[in-house]
């Protein structure tokens, strides 16, 4: 789960990291009031959970409350990538003398957190990493012992940070690791960490991602989830414990298991790409799905107007295919979909499942034996409907 | 540093361990008032930093506030071993159905904390450990990962604790380890941990010792030090960063280094034992002692009226013997001791040091070349004064 | 000799009295796996599914001489269950549990590296050695003894391929689900090495996914060390590129992780990469 | 060959710019020790006592090819200093610092056991190899090259015995102060084993104290494995028995720890135990 900049920076401050203490505005008027309170130059920053905000015009400087209102008005409601901006952070403006990058994430190769730092911070840090890898310092952290002081010294040294800033940098690095560890983060990033006009280190922008698997022990973080960025279908899916991601194609997919769900998507693209047909979504209903879950999943898939056919691919392992088939018929009767549904059952009691589907005698319910056959039939059905 | 029972139990309660919530009384009247508040049977318990309190009559049950006052009166001021009781804990009395032992200490052999438990708790636990070692469970704890739930299960299982108590025991074991770790304890002990008449587990008595080396990061614990148990000389020594322990002999010792200090004591006993003469104290002045420290140490030694002679044994490593000799002369002139002082200087600039002592021409300042000679001369001097 | 699981394996189930643990214990026993007991704290002394329940793994090792464990305990307790198995010096630990916080797994991983135990998973379907037994949730009936080693990040996709192999008359030596979590005990490379050294395995089916660089590492290993033929499928070619927050992840992982890159690396290593998992038996048959 | 410290040792001093660290750096260099640098965070690039200062041990290893370190940093930071040396894979770590919290040392000890480094100390006078060099605070001039290995828990008592040996014309191969803290990196047994295997050591002087059971372990080791003569002194016969709080310590340590028990165990192992440390040279001379 990703946190907004203002949420991330609030957590940073809790861990002793200096950051501009602005406030969030949901309307231009609120932005104006905050700017008046700050009583100086401000930055109005779109709070959206995606990158490229700056390039999209989502960050603007304002010299007066009136100008802050005007800038906020232009930013709130603007689209950035596939998201709409619903709120802005109004921060006091800073003079930037130098931009540093400081982040922590998990390195799955070694099973440890890694601190990443560069004296060449800012938006182009990935470019720096590619073109001048030596300018990006990596320091692996023992997850049991935590970040040690000598590691911070080593990082500060390697990035050629002037020694007058080491003490402040140490406090920030310690704070960032503490913040990362205490919140089960998978990313905690300060970019840029600036040296400002007063020669102070300040976290100008911050990003954090929290491990979804750990949210059960962080109710206060779980409550920070921004529901406005979630499409309605995704919210419904999450409630029902279904993994759903909307895509741009025409074939709605319902599969048990993430790997097989991706594979099923791949198959619709493999056989449909030359006809401009591909997957409309990723959907994993998980193990042991019962009728009501199948119905919910079907509803979610069909809420996408682009869907021209549905491909249901169930490999019954522990799940029994006859049960899924019965659930499918129930769901069909409840949802009454108009688009054709190709259903392929394999594994435990697959034969019984197929018989149940066939004996239901629903013309838009098409059985398939193999995944290849199912994908081809789903493509053909979608094509027929195009 | 040892904590009193009431201090230890207060820390236990902070970590979720149920314990009787009595109060401390310094006078019989206070004890009466506390008993009145408790409004039921109470136990009046001497708070002294030594074992064998129960056998010495320092723990008494009282059925009424008046009786509590009476018992407190008999306990406050009583001597237990070499200590005087200055205060009592007045706890509500408990019905004891079963006594369990649960303690944590460090096992230096393996460099880890070890949890020790026995279903045969109470005062005779050491006896149990000797006679029936299998009745004492030992579970080593990884100091980095901490006590794990399965270890608690294993302990509960091995001590045949009825399963109805496992949950409560788990909470207490976790709490005890957390209390131990958070306070840099070297001992945290519940003895007895009882099953009371309501079938609840309760920490009836508690002991904690804190690592002196870690007190710098626990000012709140350092403030708990009971200064009333410290002899004045010991308090002065601690202030001056001198290690001093009063003993029963006649030869006051002043040495640099703990091992050499013990060795010097051993030598006085080796040559004096047959004459009933031995060390009057352990005293380590540490490294690089200067004149003022030598003077302080001399004052501390001479504050003991049993001292008949003094043995100063300095092995100058980094410390220069000439400096010590000069310091010694200064100290001598300041303190003007009447007892003879044997001084043996060895190591760096020993020759110069000896010359300084000799040229001072003080009759009660006797030089010696070897430790053996020094010990023999100190014994003779003490003998002469006997 | 199969890899990992064999006739000398004495399996216990951690979480045997739970719903999932209980069901799969029955399935494992029905498949003929040598399940010698289970562990549920507080239920020691009881019986479940015909085997004794112990309070701790240590007790199960002592009483039932367990040397392998399969873990079905809930995510909040699973990391500790693995630590318990490590502490009891269980040689083979298979963790099925999905949803373990990655921070917990990193702590486990540090301990695992100090031990001589093998951890498979977590968040995996486990192991299946046709004719010998299974540890985990793979449906036993889809497999048949033979000479294809199967290794996979995925669950149902594995079943799909195992089923296709069986239907094509190609049995399996061992099927291993390594799991798709960020921190796992056993990697593609580990399993490939075991298959390479296993005389009963003649060829390997490998099923990967987008994300991470495990398949790239596998390709490098195959190019350098493997003599046996490998066929692979990489799921997720149609998935849109991940829109990642921040830069740290990209800096650590570089640009690796897309299906195309993985497929390319595997092809360059001489692996036959299928467009469709149902092609795998054919790719292996034409060796 | 001496033990631990030798001609190939390239020594750094952690805490070189501190008062104690600086003084003893001068002493070590004056004695001829091969000090190649020092470490003080924030002072990298400066020079101290004629050697370069680095910000980190890692840097000192890289730039000065350090393979041995002696630690003089304050107690609150000393455990981390040891971890830093371990992380930089320094093979020989000598920690002089007194007063490190035991909890910190237990964490260090867990890490030490995963490494291949040797830690001597903490709270010890360090090492002295006459004619080669010293790491720590032992006064160099009292020692002279020879064939007696000295191992001790104590500081000045060691000097006393080394001095007595030198005055008796008996030089030393290496003098090792192992320190008296509850958790230490190198025990009597470790050093005795090194001396037993060191062709330059012919006989050993061992100086123990009351408390703990290290001398009992040493006696057991000597009885089983040592062929070279050992003379010992145990300090603290006149100390009153420790009045200990609680029972846990007594249960863990049993009744061991008194001088009498240690002396008895050592005598039973064939060790000549002195009543007086000044007897040690004579006890060794009459071998």
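Observations
Labels A, B, C and D are assigned to the chains in the order they are written; within every chain, residues are numbered from 1.
The rule is simple: a contact is a pair of C-beta atoms (placed from the backbone, for glycine too) under 8 Å apart; a residue touches a chain by one contact, two chains touch by 3 or more.
Quantities reported herein were computed from a predicted structural model and do not represent experimental measurements.
Touching chain A and chain B together: C, D. A comparison of the A-C and A-D interfaces places the larger number of contacting C-beta pairs at A-C. Comparing the CA-atom centres of all chains against that of chain D, the greatest distance is found for A.
Chain A and chain C have Cα centroids lying 27 Å from one another. In this assembly, the C-alpha centroid of chain C lies 48 Å from the C-alpha centroid of chain D.
Look at where the CA atoms of chain B average out and do the same for chain C: the two points lie 55 Å apart.
Within chain A, the positions touching two or more other chains are listed as 144-145. Along chain D, residues 107 each make contact with two or more other chains.
Interchain contacts give a graph that is no line, ring or star and is not complete, per the touch definition above.
The set of touching chain pairs reads A-B, A-C, A-D, B-C, B-D, using the touch definition from the header. Chain B makes touch with chain D in their complex at residues 2, 49-51, 81, 101, 103-109, 111-114, 116, 125-126, 129, 136, 138, 142-144, 181, 184, 186-187, 189, 191, 207, 209, 211, 213-214, 216-217, 247, 255-260, 262-263, 265-270, 278-279, 282, 315-318, 346-348, 370-372.
Interface of chain A with chain D (complex): residues 145, 148-150, 153-154, 156-157, 163, 166.
On the side of chain D, the complex with chain B involves touching residues 23-24, 27, 75-76, 99-107, 109-110, 125, 137-139, 141-142, 152-160, 163, 180, 182-183, 207, 209-210, 212-213, 233, 235-240, 243-252, 275-278. Of all the residues in chain C, the ones that touch chain B in their complex are 41-42, 44, 55-59, 77, 80-81, 83-84, 87, 107, 111.
The touching residues of chain B, when paired with chain A in their complex, are 144-145.
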